[in-house]
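Common to both upcoming complexes is subunit A, partnered first by subunit B, then by subunit C.
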Partner chain A sequence: MDNTVLLGVWLAVGLTLFMYSFLYKDNVFFRFGEHVYLGISIGYIIVRVIFNNFINDLYKPLVEDRDYILIIPALMGLALYTRFFTRIAWVSRVIFAFIVGFGAGLGIPRTIAGGIFKQLEGVLMPLAAIKDGFFFNADGNFTLVNINSLIIIVGITSVLVYFFFSVEHKGVVKSVSRVGIYFVMIAFGASFGYTVMGRMSLLIGRCYDLIEFSSPKYYYASIVLLIMLILVFIIYEVVIKKGEVLKTNE
Partner chain B sequence: MIKRQLPLLIAFAMGVIFIIQFFIPHQISQDLLTWVNKWLMIIGGISLLLGIYSLLNFHYLQIFRNKPGWGFSLIMFFSFLISVVVGFTPSLINVILPLPESSVQSAEQVKEWYRITGLKDGSSLDWIFRHGITPLSATMFSIIGFFIASAAFRAFRARSLEATLLLLAAVFIMLGQTPLGGMLWSGIPDIMTWILSTPNTAAKRAILFGIAMGSISFSLKIIFGIERAYLGGKN
Partner chain C sequence: MTSEPKFHIIRWVIFALVALAIIIPVIVSEKIKLPDTSSRVVKNIYDKIESLPAGSPIILSIDFDPSSDEELRPMTMAILRHVFRKKLRVIGMTIWSPQSSGLMGDIFTTAAKMENKQDGLDYVIMPFKPGGSSVILNLSQDIFFTYPKDYKDKSTKELPVLKGIRTLKDMKYAMCISAGNAVDVWIVYGKEKGKMPLGAGCTAVMATDYYPYLQSGQLVGLMGGIGAAAQYESLIGEKGIATERMKPQTVVHSLIIILIVVGNIVYFTRRRKG
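This part shows the complex of A and B:
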């Protein structure tokens, strides 16, 4: 077994157990793991940004390809920091306007194309064709797809009515918006179910790793570190309890 | 005057240019988009340092003022420094603990790769990512699963028709994704598929319409200078 991998496994197991110790109660190990996570993540982001944004996107084209126009975005990036100097703070607004204006212009046609037309395309489907007095789909088969398409149209209309606040919700509008609430509730339930299952799959992944790392191949990393953690907790609790009893007696 | 009007003029010009750009399928138009995107990557990279500075400054003040929990801020700084030093020192870990034959690279290869990507399989930073960031992220998010489940246990009571629908949808989705659901009743995975493809799609589409309308109107307000909150300040 390679030493770097072994060291990495013990580190990963230790940090995982530190984080799960929060399920017992908020403790020093959890907070240690939390701050380590924050520190290494920020460090990692810095390294990535410097290599990708500065070296690859700026330094390399500027020095090697002599693409001197890139000095402009570099200066624009630095100009954002003029916000800290009251007299020249207005310069940063010009850069913000450049970024926000670009985003607004880029967003409008793409939102119309992707967020409205593409969504409408999925809704505006032939519901059914009448044949011998019965309803059939576009292929001539009687299937539940027709009913589902109808449900989708009813759902979209009622949810839009529910979110339409320019008209007072009473009478027919109230009834339709009520149907909209039911659709929204089902969608929220589905999202919730998905979120929980996503988190559960992560938990299973961590448990799977802990079980794998408890094998002799990894020198029983999970078992050894778990026992150590439990012992430290027991000693800590005993010392704390003893301290409290002594304080009360005094 | 120019301090106030120039940003509005630039926002208007950029907005109009990139609305028109969408309708011109010419190489020059595509190049313009790529070019501005590249610029924004550089500007974004430089501005990101501000956020990182704010976080580090907060923890520095925690330590400097000896506030409760300052020791954890020290740990944060220490971890941050390890990550940065290792990131900028290719193969530092490899020097301390040699890598297996298969992943050993020549110094020139490592240098070249770092010049291009800054990250490589088997590099020191990759080691931190695989054995530090990945397990910590997965553990952190999986812990949230426990709290979501316990909160749901308290909140999901079928008191009304709305709450019942929410509960049923969540139960069918959760059971439908596990083998247990199919074992309990073969219809559960089908119900899950129907929920996702029909009522869920309807509600999500309606919400997407709303978001699209909102973002279009907000973008138009920015372009025409009605929305100026992003400029901030009074002067």
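This part shows the complex of A and C:
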């Protein structure tokens, strides 16, 4: 086996175990793993942005293709850093205003069209299309689409009532908001179920790797490193901590 | 105060049970058989891809980074293998993070090797461009202006895979596999501008957020987490890592349900006792 692959396996196993050592308690190995992960991520992102975006999208077109129009966005980008200099910090605010204005102009109409109107359409259209009966579609076949829409309408209304605090929750409002709570609970339950699945997938993925890397092919990487980690914790807890306690007593 | 050590032990017992619930099914994996099922929302994506004629261009937006790799790679692999078998032309891109493009390169290369496909001819990987929604809006005007060069620094105009394609409207299908809000961006900007059918894959945590888009027809289908990936593998007849991982997943889910029930019984019993 290639030595670089082997080194990668041992590193992966070591860092995975370092991260899981947090189950025992916050410790130096966990922090090391955490910092390595963050450092590598940020380093990788910086390198990619420099080569993919700065060099390919700005430097090369500007220097090689003489595309001078790119000077404008480049200067605007640089102007954001003027906020570090008190005297000319106002320049960055102009650029931020441009960014916010551009973002809002781009986002608001599309979000309203795609996020609100389309959603309303999706809920109301099946109900508006009822012609031949609630449980039957235009071809006379049984359908549950209308029931879905009805449930969604009841759900949205009751949840909105539940979160509407300008009116005291009593009488009809209380009953409707009670229905709203059930809808919220059902939604939270579904989210929780999916969350468990997601988190367990990540754990299972790592366990698969740890089990695979405990084979002789990888020189028992998982087993060796797990034993070493446990030994270090035992030595720290029993020998060093005990020594510290004895010193304090003396 | 007296109950604290007890809870400390219970915590460790739960950790041990979860570990066993994962390790044992992994070891005896071959003996566990799970039924082949697929939900309507996952099958809709499969049916959509099946309905596309060979050579149709599609976009696959890989919007996740290594932290979600374990969960989203299986579904990406299953989708890619399916579209490669259907001889569709795939444009791989990302609006999420510079980390995604490296990950995408690895996933595409692996799937292409399995299905014997060539970079530039059957698929192309585009580099990461910052801007998110602006990138999608640019695509709706001109793909070659947005991506003059591919991930390997080749001029996109010379790539056979992009022949006859100019804008997002030329796409026959788009799919966003995301660990963040990229699906929202694709729905609001991509779907509205390109008018092509849009499918989504996401981490399980986010799946419930996207169900409303199915009712409104903004998404043709939805794949949430490893469960959906296993269903897709079953649909394409290629049982892979997702199917394998569903075995410990099923056991650990059952354990969690039991723990929730036990926890509730203990809670209500204690409350009754005061």
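The rule we apply is simple: the second predicted complex is superposed on the first by the 214 of 250 C-alpha atoms of A that agree within 3 Å, B and C clash if a C-alpha of one lies under 4 Å from a C-alpha of the other, contacts with A are read in each partner's own complex, and residues count from 1 in each chain.
FYI, a contact is a pair of C-beta atoms (placed from the backbone, for glycine too) under 8 Å apart; a residue touches a chain by one contact, two chains touch by 3 or more.
All figures in this text were calculated on a predicted structure; none of them were measured in a lab.
J.: Just to be sure I read the superposition right, which of the two partners does A:243 touch: subunit B = first, subunit C = second, or both, or neither?
T.: neither
J.: Based on the superposed arrangement, let me know which partner A:121 touches: subunit B (first), subunit C (second), both, or neither?
T.: second
J.: For A:208 in the superposed arrangement: first (subunit B), second (subunit C), both or neither?
T.: It touches subunit C, and subunit B stays clear.
J.: Check the residue A:77 against both partner chains and state whether it touches subunit B (first), subunit C (second), both, or neither.
T.: first
J.: Check the residue A:12 against both partner chains and state whether it touches subunit B (first), subunit C (second), both, or neither.
T.: In the superposition, A:12 contacts subunit B only.
J.: Looking only at subunit A, is it subunit B or subunit C that touches more of its residues?
T.: Result: the larger residue contact count on subunit A belongs to B.
J.: Determine where on subunit A the residues touched by subunit B overlap those touched by subunit C, and list them.
T.: Common to the two interfaces on subunit A: residues 23, 41, 44-45, 48-49, 52-53, 56-57, 106-107, 110-111, 113, 115, 119, 122-123, 148, 152, 187, 190, 194-197, 199-200, 202-203, 205-206.
J.: Would you mind writing out the residues of subunit C in touch with subunit A in their complex?
T.: Residues in contact with subunit A: 15, 18-19, 22-23, 26-27, 65-66, 69-71, 97-99, 101-102, 127-130, 133-134, 137, 149, 153, 184, 187-189, 191-192, 203-208, 212-213, 215-218, 224-227, 241, 244-245, 248-249, 252-253, 256.
J.: Enumerate the contact residues on subunit A facing subunit C in the complex.
T.: Touching subunit C: residues 23, 41, 44-45, 48-49, 52-53, 56-57, 106-107, 110-111, 113-115, 118-119, 121-123, 148-149, 152, 187, 190-191, 194-208, 211 of subunit A.
J.: Along subunit A, where are the residues that touch subunit B in the complex?
T.: Against subunit B, the touching part of subunit A is residues 2-4, 7-9, 11-12, 15-16, 19-20, 22-23, 31-58, 60, 70, 72-74, 76-78, 80-81, 89-90, 93-113, 115-116, 119, 122-123, 148, 151-157, 159-160, 163, 180-190, 192-197, 199-200, 202-203, 205-206, 209.
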